[in-house]
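Note that chain A is present in both complexes that follow, paired respectively with chain B and with chain C.
Let's look at the complex of A and B:
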């Protein structure tokens, strides 16, 4: 017997439990007697923990005091934040000369200024912006932080960095105001938009040369005071090590991953050996090797400073982990993508750069950011080999006479700082994932 | 309609030069002998349909033609160039030979327009404006210009396959290879893809099509090739092939599929 529905069944609203708050609470928290009791019990536990922490950290805490004794005089049951507040400069900047701290702040502001266009929808040439940051910023920041006389190389690189920064900021302005790429804007203003490619290029190069010369002459007129790396410390040092580590371990990891999948046997074997050796050794061992053993292999009189050695160790170690993450991403790309790229005539590097890597990296964003977070936290290990990074600084508070024995508060403060840094990274990675996967459900 | 087409095909096939020549070609996967002493000549403008049971080596055959697979013995000469290990030749061959895959293989991280302009911009060194213009022309030919700014994941299978055809055509290839272009599609979508392919055939494109769509084969093919276990068992014109197959194996295959 045939069943025929003559009229279309109209849509009806979902049951109450699916759409109201009370319905949700009933369904998820109080669905049975047992669950209701569990909910109340958990609520009570959360309540007493939170109030306890709140009382200790805020209500009973001392924020202003001369020393630890004064803290106790004020309140025995509260936290002594006064010690942390007294040491804030040290926690953030280490033993950097107090009258030079502006340099670190300027460095940080410049980085933000430089990277800001990456988040602005209307700004053109994002790849150039990103490359500019990675290639030029380290030189500018490096000189800003360590200072002293500029050699010719540093003079050129610092000038280059300043020119790049100027171009970058101008590009940001033309992008935000007119949605235009800087070179296009310049050519339009000069009325050369329709000139042949070669003329356009020459005009731009000439302009670049003029700006560079001007900046080069200008930068000859100033230097900043030399600050030895031994005075670097605190959050600043942590950010330097992890920043360089993050910026270099990803490209390094990509190269190693490609090497490991290469058809060239020698390249592949070298990459596999490198990756496996570094991955099977703890970071702390690598750090000790880098600072104590590595100089033994170097020619006599060859002295690298400890900070550079540590940074190299961190980069190599993390590049190897990154390589495996990237490789996992590469393996998730179907063979058909390579074949399709080949059939439109793309060679190895273009296939990798335009088709494979963007997809692989996108798949691996959570893992890559996970590695970055791990790297940031791992840099605290350098306090063991005698660098005063943030952890080193936090621990020294308890050895400072006025704050003798003050362990808990600095470490909690450190934990809070790391939480803010790491949590924002992970939030940002989640945001990136959602943004990049838009329109790409398959 | 059918008769006119056939005459046009005969005319084009007869008048033009050889564009693909395969001589005594052999291929092994490990110790498995996939293709055995294949001989095949394709003239410019000729349309060849390859059919056969799965595992007969038909896909492998056309994948050898644009060097996605390496053959071990014999010669493949495409557009006057002998395929081998020389990388420069490879890139040249691949820009002259377009290929459409069973699974479309569009680039999911790029919009339809970017999928289409990528090849012309990077390998044909076309300016972006020209590439976009070409892309839109071909999108109109496959009847989906309005989808240009979407991503592959937002399109139906049939639309994706038409985009894939347009992507290959944007490279302005001399030869188009189709590797079971409709096998992954719902029945409703097969027709829209086949229509596009029939139109393409009308323009005089050299095409080699691996397919199980026998109606399509009858309409457009100049030659039908039947393959089994790595051999070309039978090769003849479509009327001959379907109405009067010679080999037992072909008869069996046709009786099962028709």
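Let's look at the complex of A and C:
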């Protein structure tokens, strides 16, 4: 006879051993006498390591001192962070003139301001924002960092960049406040219809022209002092090299990858040769070739800019790695996608740009970001060829007389900085992946 | 990595040796420097005493002062100079290919370097030599007592070869403990990983000063090698070589004549010594052969001081000095038994 009731028997709570903290500890840490010993031993090791590091780096450490001798006088067993603190300007800005450092800070703030809309859900026209950053920001930042007389070209580009920045910021405001795209907003305020036609376009162009002229006249009234690239250094230089490297190696890599899969023999052979040559030599060799051998082939008195040579070398080197990553992504796209694109009448470029690349790039994000992180860390190699990037600066502290021999603390500080940079890049890539694959979750 | 860069370097040096003759050509280095408006002076990655960065990003040191002296001789202004810091693998190539106008760094003058790299060495501004550092409480007072000792040394340099030679010659059976980085070498020594450290005496003096308790360590009297550290210029431009050479001699000569940064103004006006007047340009025409202005030597001393003052500031006991006694060393003036000797300036 079956006992059937209409009501469900209430769930019983899990046994105490499953849900209490003590139960968890018992199960996971002290399940047998052998595991108990291991737990205690590990606990002890963790304890002495953590207290040791804490005592060295914090309790016994010296944060304010005139020189290393004063650190020793304070404590023989603690870290001497005073040296790192004394050198912070060098570590972040290199030998950049101290009264001009604000220019680097402004450049950094402008970049954040420019990129911010990309993270804001309500802002429209993200593709334009992204293009604006890549096309205009380098000119504005380039002038801000190096200064000197603006030629006519730089005057136009700087004005263009400022106009783009104004438009970008205005677009961000209209987006956040009213969820509207800037041109639509302008037209609405002017009382015109937003339907696309020639008059609307002409109004917008006229407005743009007025703003541009105003900015152009305004920028004629100021210049900033010239600062030679030889004074660039520290984290700033690392960011310049890796920033340009990152921004240029991805497009370069995509072109090379497409070239390598091209049906045109000459293009394919050139791309394959280029990729294979650069991939087969170490970066340091490429850097030495660019800075040491290259000038030998140039006419005497040829103006050498080591920084430009280094940046070009870094871009070429990383574009080749990127090309292979992109090619891997392209190969993962099923043939059906190409065929479907052809069926609806798309040509090569539109197939690639609208159908293939968006899918391929999404799959490649972990690898691409991996390359970017690698690139950021690889740029420290430039300290070997005499540029004072962050690593070069950190290593120089131990040679400065007041801090002679101080080498552990700077390197630990550098490791910390790099961890912060690389880990945030990595977290951001995870975030992007989740966001972009939202459509795939069935 | 290190090995690969070395191969690259040698390849580069080979190319330079071939091209050396062609690089030095049409325009004289002095004209190029004047036209550019500043001197490009090559040093190495920071090295205590010779060339260091301070926390404001300025260069200072013995070799930096030599660069400044040359800039002062040409322009009368030590700021018209750019310091280029080049790794030791690329140093001679960067000079030979025209990137640097001169080299003033811890480069030892040797026959091979002088003859095969398309460069010329000038007069030394520092005489260094390899030695040993030991703990005072070890009781060792001579390098010959280092029988069977473990000695920390940086790898891939002549330092290591000299140590091996010294050990073989004296049958000491020293075992080398090698390091790539000299900071790690010193840490190992401080933590008892080896009985002694070997390296250039000048840099070891600086390192000892940076140890937790400097008084516990000492440098042994023996010197294993000759290390005349000299400036160098590209081969083939004799006028330029003369300018750099005599800028250094001017520093030494000024010390001998008692001209200092403080009294150079007064000496030019009121000295009775024709040697002083000739050198400072108040009499004669020493500048003409060099192609410089009349007050070139005056500008040098006015801007950087004489050799003794520079030595005291960076190698001696000045605030930024690494604390090497000058008296009785090879770097004393010849009148005090050292090797610092300038030919007569007349």
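Descriptive notes on the structure:
The rule is short, and it goes like this: the second predicted complex is superposed on the first by the 389 of 442 C-alpha atoms of A that agree within 3 Å, B and C clash if a C-alpha of one lies under 4 Å from a C-alpha of the other, contacts with A are read in each partner's own complex, and residues count from 1 in each chain.
Here is the rule we use: contacts are C-beta pairs under 8 Å (C-beta built on N, C-alpha and C of every residue); 3 or more make two chains touch, one makes a residue touch a chain.
Just so you know, these numbers come straight off a predicted model, no measurement behind them.
Look at A:355: by the touch rule set out above, it reaches chain B but stays clear of chain C. Legend: residue contacts after superposition of the two complexes on their common chain; A:152 is shown touching neither chain B nor chain C. In the superposed model, A:68 makes contact with chain C only, not with chain B.
Counting the residues of chain A that each partner touches, chain B and chain C differ, and the larger count belongs to C. By the touch criterion defined above, A:284 lies against chain C but remains apart from chain B after alignment on the C-alpha atoms of chain A. In the superposition on chain A, contact of A:407 is made with chain C only, not with chain B. In the superposition on chain A, no contact is made by A:434 with either chain B or chain C.
Contacts of A:342 after superposition on the shared chain: chain B is touched, whereas chain C is not.
Applying the stated touch rule to the two superposed structures, the chain B and chain C interfaces on chain A have no residue in common. Chain A makes touch with chain C in their complex at residues 68, 72, 76, 86-87, 89-90, 94-96, 98, 228, 230-231, 233, 282, 284-285, 288-289, 291-293, 295-296, 300-301, 304, 384-386, 388, 392-393, 395-396, 398-402, 404-407. Across the complex, chain C meets chain A through its residues 1, 4-5, 8-9, 12, 15-16, 19, 23, 25-27, 32, 45-48, 52-58, 82, 84-87, 89-90, 93-94, 97-99, 183, 186, 206-207, 209-212, 319-322.
If you check the complex, the residues on chain B that touch chain A are 66, 68, 87, 91, 94-95, 97-99, 101, 103, 105-109, 111, 118-119, 122-124, 150-154, 164, 167-168, 171. Residues 334, 336-337, 339-347, 350, 354-355, 358-359, 362, 436, 439-442 of chain A are the ones touching chain B in the complex.
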